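These are the structures in question, set out in turn.
Look for chain A in each of the two complexes below; its partner is chain B in the first and chain C in the second.
Moving on to the complex of A and B:
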């Protein structure tokens, strides 16, 4: 099952040079990095590259099979990997990452790169002319041209409780945003119909400019959507087929938890867009059994996975249909422990736990070396700061030195924590985990590690949505639990700020939708993050965030265990193209053969 | 049914009288299939009780010991039977033989405790309703009707889910094995109560009960000395029939993730874990599945054998 994509996933964007990605993954994946256009179809090891190729076929219907639903299809609320697959096929943000270049955002709705002022406090963006809205039913907005005011309204409604965007405050410290609550934001102005200016409260332009790829930047026509925004639940989200679409596709039909269908947007003008949009139609089944789906995709035609394939499917494709499976390095995984509650409030207990955890077993439980590499810190190879944090070797912490766990080191830290025997005396530890594979297996390995320290582990496995919506994501509940689920993160864009703040910044601890799984709130780390976020120079930025990563390891903010290689599988007549920044199919580039 | 109270008629001539128990045993012994199933169950109980010894003698690791070296190094997947692991290993590198043996403990423990609880509750409630009649019978019978109207598996899943977190239900039903036992007992006792009620309704009108009542016997004496002995046969038969159902029920709850929680080995949970990998790792599902099938079959055969032995005419 797909725990990666349900971890309140931010959009990923690998930024590390792809060649390094190849080396780091033992040349199993991404062999196409640096390859010529003629070998673009195949990666090292014979696996599919997932890159776009010349001469892809136009037309046809792609059927996606998945077992998970969406969180929000409203571009203002979209903040989950599967949501993004639909949002980026049906809408146009200011900037976009082409599937084969996860480092450089290119203008999509924007007309040229963003202009950041010298004081780093103003960002100006020009938008293209001739981009028009498409709708399923003819309305006053159908065929109307997008203007800068529509982007402005998108930001304004992001602060409306009926939209409740999850990251606007993080990446866009806009002047006047604190008083807006869905109304006008004084820090956004539109000098003309095709220019939008963002004024920031602090010199944050470098980060804000990077964040202009987020779906919040998708234009939303106020005259059409404002009446919908006044309703709860917001129909623009609950009935996404009512949206005003700017992308190559429109949502023609949506049955929550069952199916979604995308068709061509008649108002989309390919002259204004670089996306090829080969497919005529995309039919997405949301409630497919993942094991059955894997078999259907293997033996059927016109099919591809919507969410992470099962370990069995990965094995089947990797051994019998290498040219139909891709692996994309992205994101991290770690075990968060409650740093505000005994026993894990004691740093030495956390170090003992890190030493006891069999991370090699965790890797194998997730599918082995093909689907990831052992992690010794938090910034993955695709994000700047990885090398500065220690690269593959890690920081040198003795409690992470042995991937299979080290009982002697664990006992050493337990003694330092005040347990003279090197073991706890049966103190109770409450742990909740997911009941789907492979999270279920990794939860059991984690439980074993805690039990090996002498704790009495109260261990329950729950279904994913209950676990995160009722426990791990709710601060008042999380405070009563020692280990809650598993965490991992897909960066919103290629920047360490987007990778580390959500999980380890004190202010990221929220009452609901909490993403700081360890409830980690260290004043020194918070201050270092605040400072590093303002650094514009790429080299200095990587150095600063690498140092923060090291500090997180020193403080055992969590125990890192994996840098992911996300697998995607397709039928034999599907030319699947993976957006490297999101590690899932780019539907505007995927085609049939 | 045993004859009502009093001594049997005196034996005549050289014909030796046989007690009901002797007759029952002779009939059961003649049923080779039931006897074989009974021996299987006896061995299963022995294996479950002596699980650590059996696993040690087989040279297998303990059920929760993970051997990552036994996993496929490329995919981290389960590997099949070998000299080191008789039944192969699961997807965490745990010995399947060892887990099947320990799984027998859970299955039998849950089945016996849950069935025992359900039978005691069912007999008490059923007798109470039928013997007293009137409003007591009405209230109990309608309550049983309501309970019987619930889809049994859904009821079990709901109760197990509700009681599996925190301090359980009302602080009484603690998460873990206890929840499964209570859930199964609650889900199955109404069936037994209904059957017992029907039997008691018939028995209480019999002459020997009338006779006892006219001789001044108290209700308690009538219930325990006259009616209950006549319920022994149906209780035994229904118990043996409910036992395998409850083994399956436990397996179903564990399969659905609301039964016995990992890392404790349970056949249902093992089958659930294996279902995603059946195509590539048949041993992972086959051995716990076979153990479950054989155990349920054995209990069913013993149940039928007991029914035949206790009611020889009923089968004819």
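Moving on to the complex of A and C:
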């Protein structure tokens, strides 16, 4: 999934409400982290767990209220939280994270786990029989069985500019993909109708296998979709009701920026699927005012939020309707500083900055005690490697020891950086930030921390989209800036590779669309990441990435300050089930009471 | 008159071309988001971003991009498609116009129906209790931000979240052809909210104008001639006092037809204003251009209508 920066570009909402994550020491949301089955409905603290429960009711209509629209509903382009909510309810990817287990993907369209070859360069997947396409209007594809060739075409069209998948090249280094622009990829073969083989250019199978949960793996029937892919704009995206659906629901009606309606897919066979699909119908209103929507959900029936509720709504639910609000950990936030330009190219200055930064104030600026867990490293609680990196306690670095900032430690590192007084001499630091709350307030806290080190901060605030697409994401611009906005990352899937490489891998520094906000390029870290990406064993993988996370903290690749938690709210007769891996309602599991 | 109208229509076309050019230049000259990057997502490779740029025509020189755009607008009435949703901008605006027109017309009826009598009575009965009460109320209504007013109205009167649930609330709008009764019910509260500020402003404006006009010599002459007071006020007073209001009214109608962003947002009425707001937020240039052109069109047309209306309202005005 895309990072917080762009995601939040689509959700310029008040501070994202957070709560402490799945941290044993804090023991606040044990239910959400896998509490006992007897009290599955309730998490510690009295909040709803968001987990599936026994005896959920079948039938009814759920109404979702959201302020944001969708980016892409074509499974080939789907890459945002809201897109995912619809895509995973209406389509079947090869693998799926059940809502209560964000770490273990289970076969969905696939018929068993992926087979990774010994040399780690081939991944083979068998797919189930008897899965059929449903469509709104009867076409030649209606009722036709899904084959491996359809998954193959899904990957091929991902490289077609009219689909423009955003991550195929990152997780699927397929042989022949560099020459494909929507046509055949030599690295994908289908020996029979129910087997697909991915041949990779490098021994990357362990990571590729984990990425098979992504919407790109949703089957797309070539005979039906290829003519649409030739059009601009692509109707498979712009008119998603024309899609061939494999999931329990299908999009019956879509009015961009207004509404989307999901109904049951008559071709979906529950015998082939583990998803319960309780609801008969889902009506989603787009562009609802978030303040009003929060109140409507609170007072009404059959309603739930589609995107981030306002701080006011969270407060109301958290105090007056605890059993109707859930908190789910997801993603991280950090301050990236330019590690290739003075003064932050000096690791001691970076350590001094980390020590000076009042991370507790930043937490408060984002919403106070309800907003989450102070981060001391980069892998969040739901991602393997979190515990290995130090868990909630952190790595023990003295410059992150005091969340309110420690001037003495800051001065120590400034002296080590060659400033005998412990302060800089008014050297200029260029900083850009976002002009929306709460990013604006956290930017001001950051500016104050840098100024407290004796630097003269040139500070400018811009709107979020502009900031990232014109400055922080453009290497030539970023090279002239010392601190560019705030970064954060939501994992595309529950794996440390998906969490850390985009932000801290040297090769992720790109001319445009750069996601490495610190321009951090450390050969040792790069090599460790390359090596860790090859590890198949879950335990060893978590250890290796946990060690990398520690190393990133040691090198102060950035200054982590928050592990986000996401709130979801529902009306009293809604049994909301949250897909823990994306922290949004899993519509195939949510029901009415 | 015909020549005048033709000349104004000619200038309208020139003005719209200028507006579109200025929007285009502003979008590129000032820092704004790169549509190709937004389209591609943050993990996309630079090569993919480049392909999208080429496909969207963003690599062409600005002049070429502008020329292509205007050619499609003029020859095919085609405003391109949204970078965001892939939807035709023309279709999007046309599908949203009924909601915006519904909002504007309903609010207009309410604000004129309240502002005119209040303004006239306040002017005629200056310093009376009624004058003081209505003008104080008007001041409050003008001062209240429409977003705040809309939220308060919902929290007080909406059937789902209101303390006194007497009006349909947010997210209840349906098109007039779909269900006229529900259409009316869903718009009643938005109309009142939107009309409140305008009504107050117009009432104060009319009052001020009328007070001034009623002190003119020709009013005294009319009274001296023995004309009934009602005729003096309405035929001689209001007719003169209302001319500046017609000017403002024309502009306001034009602006509202371009979209009333805040009211549409709070009540979730899928109008042009909300579409424009979303387009700006997502750097969706074709949608921005389309909505700006539509808004500009309504404003210049409204101005034209106002200028023509002048001729009928004020006998001294004649167009050659």
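What we mean here is this: the second predicted complex is superposed on the first by the 464 of 593 C-alpha atoms of A that agree within 3 Å, B and C clash if a C-alpha of one lies under 4 Å from a C-alpha of the other, contacts with A are read in each partner's own complex, and residues count from 1 in each chain.
Definition applied: contacts are C-beta pairs under 8 Å (C-beta built on N, C-alpha and C of every residue); 3 or more make two chains touch, one makes a residue touch a chain.
Because the structure is predicted, anything quoted here is derived from the model rather than measured.
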_With both complexes overlaid on chain A, does A:79 touch chain B (first), chain C (second), both or neither?_
second
_Comparison of chain B and chain C by chain A residues contacted_ = C
_For A:233, using the defined touch cut-off, is the partner it touches chain B, chain C, both, or neither? Pick first, second, both or neither._
second
*asked:* Contacts for A:161 in the overlay, against chain B (first) and chain C (second): which applies, first, second, both or neither?
replied: second
*Check whether A:92 is in contact with chain B, with chain C, with both or with neither, and answer first, second, both or neither.*
neither
*In the overlay, answer first, second, both or neither for which of chain B and chain C A:543 touches.*
neither
*Given the touch rule stated above, what does A:291 touch, chain B (first), chain C (second), both, or neither?*
both
*Have a look at where A:492 lands relative to chain B and chain C in the superposition and call it first, second, both or neither.*
second
_Which partner chains sit in contact with A:473 here, chain B, chain C, both or neither? Use first/second/both/neither._
second
*Who does A:324 touch here: chain B (first), chain C (second), both, or neither?*
neither
*Same chain A residues contacting chain B and chain C, which ones?*
291, 295, 462-463
_Applying the document's contact rule, which stretches of chain C touch chain A when the two form their complex?_
31-34, 37-46, 48-49, 51-52, 54-55, 81-82, 84-87, 92, 95, 151, 154-155, 160-161, 169-171, 265-268, 270, 274-275, 278, 281-283
*Quick one: in the complex, what on chain B touches chain A?*
64, 66, 68, 71-77, 91-93, 164-165, 175, 257, 261-263, 273, 275-277, 279-280
*Which of the residues in chain A end up touching chain C in this complex?*
2-3, 5-6, 9-10, 12, 65, 69-71, 79, 161-162, 164, 166-167, 169-170, 181, 232-235, 237-238, 255-258, 285, 287-289, 291-293, 295-296, 298-300, 462-463, 465-466, 468-471, 473, 492, 502, 510-513, 515
*asked:* Looking at the complex, which residues from chain A come into contact with chain B?
replied: 290-291, 295, 310-312, 314-316, 318, 358, 360-361, 363-370, 404, 435, 437, 440-441, 444-445, 447-448, 458-463
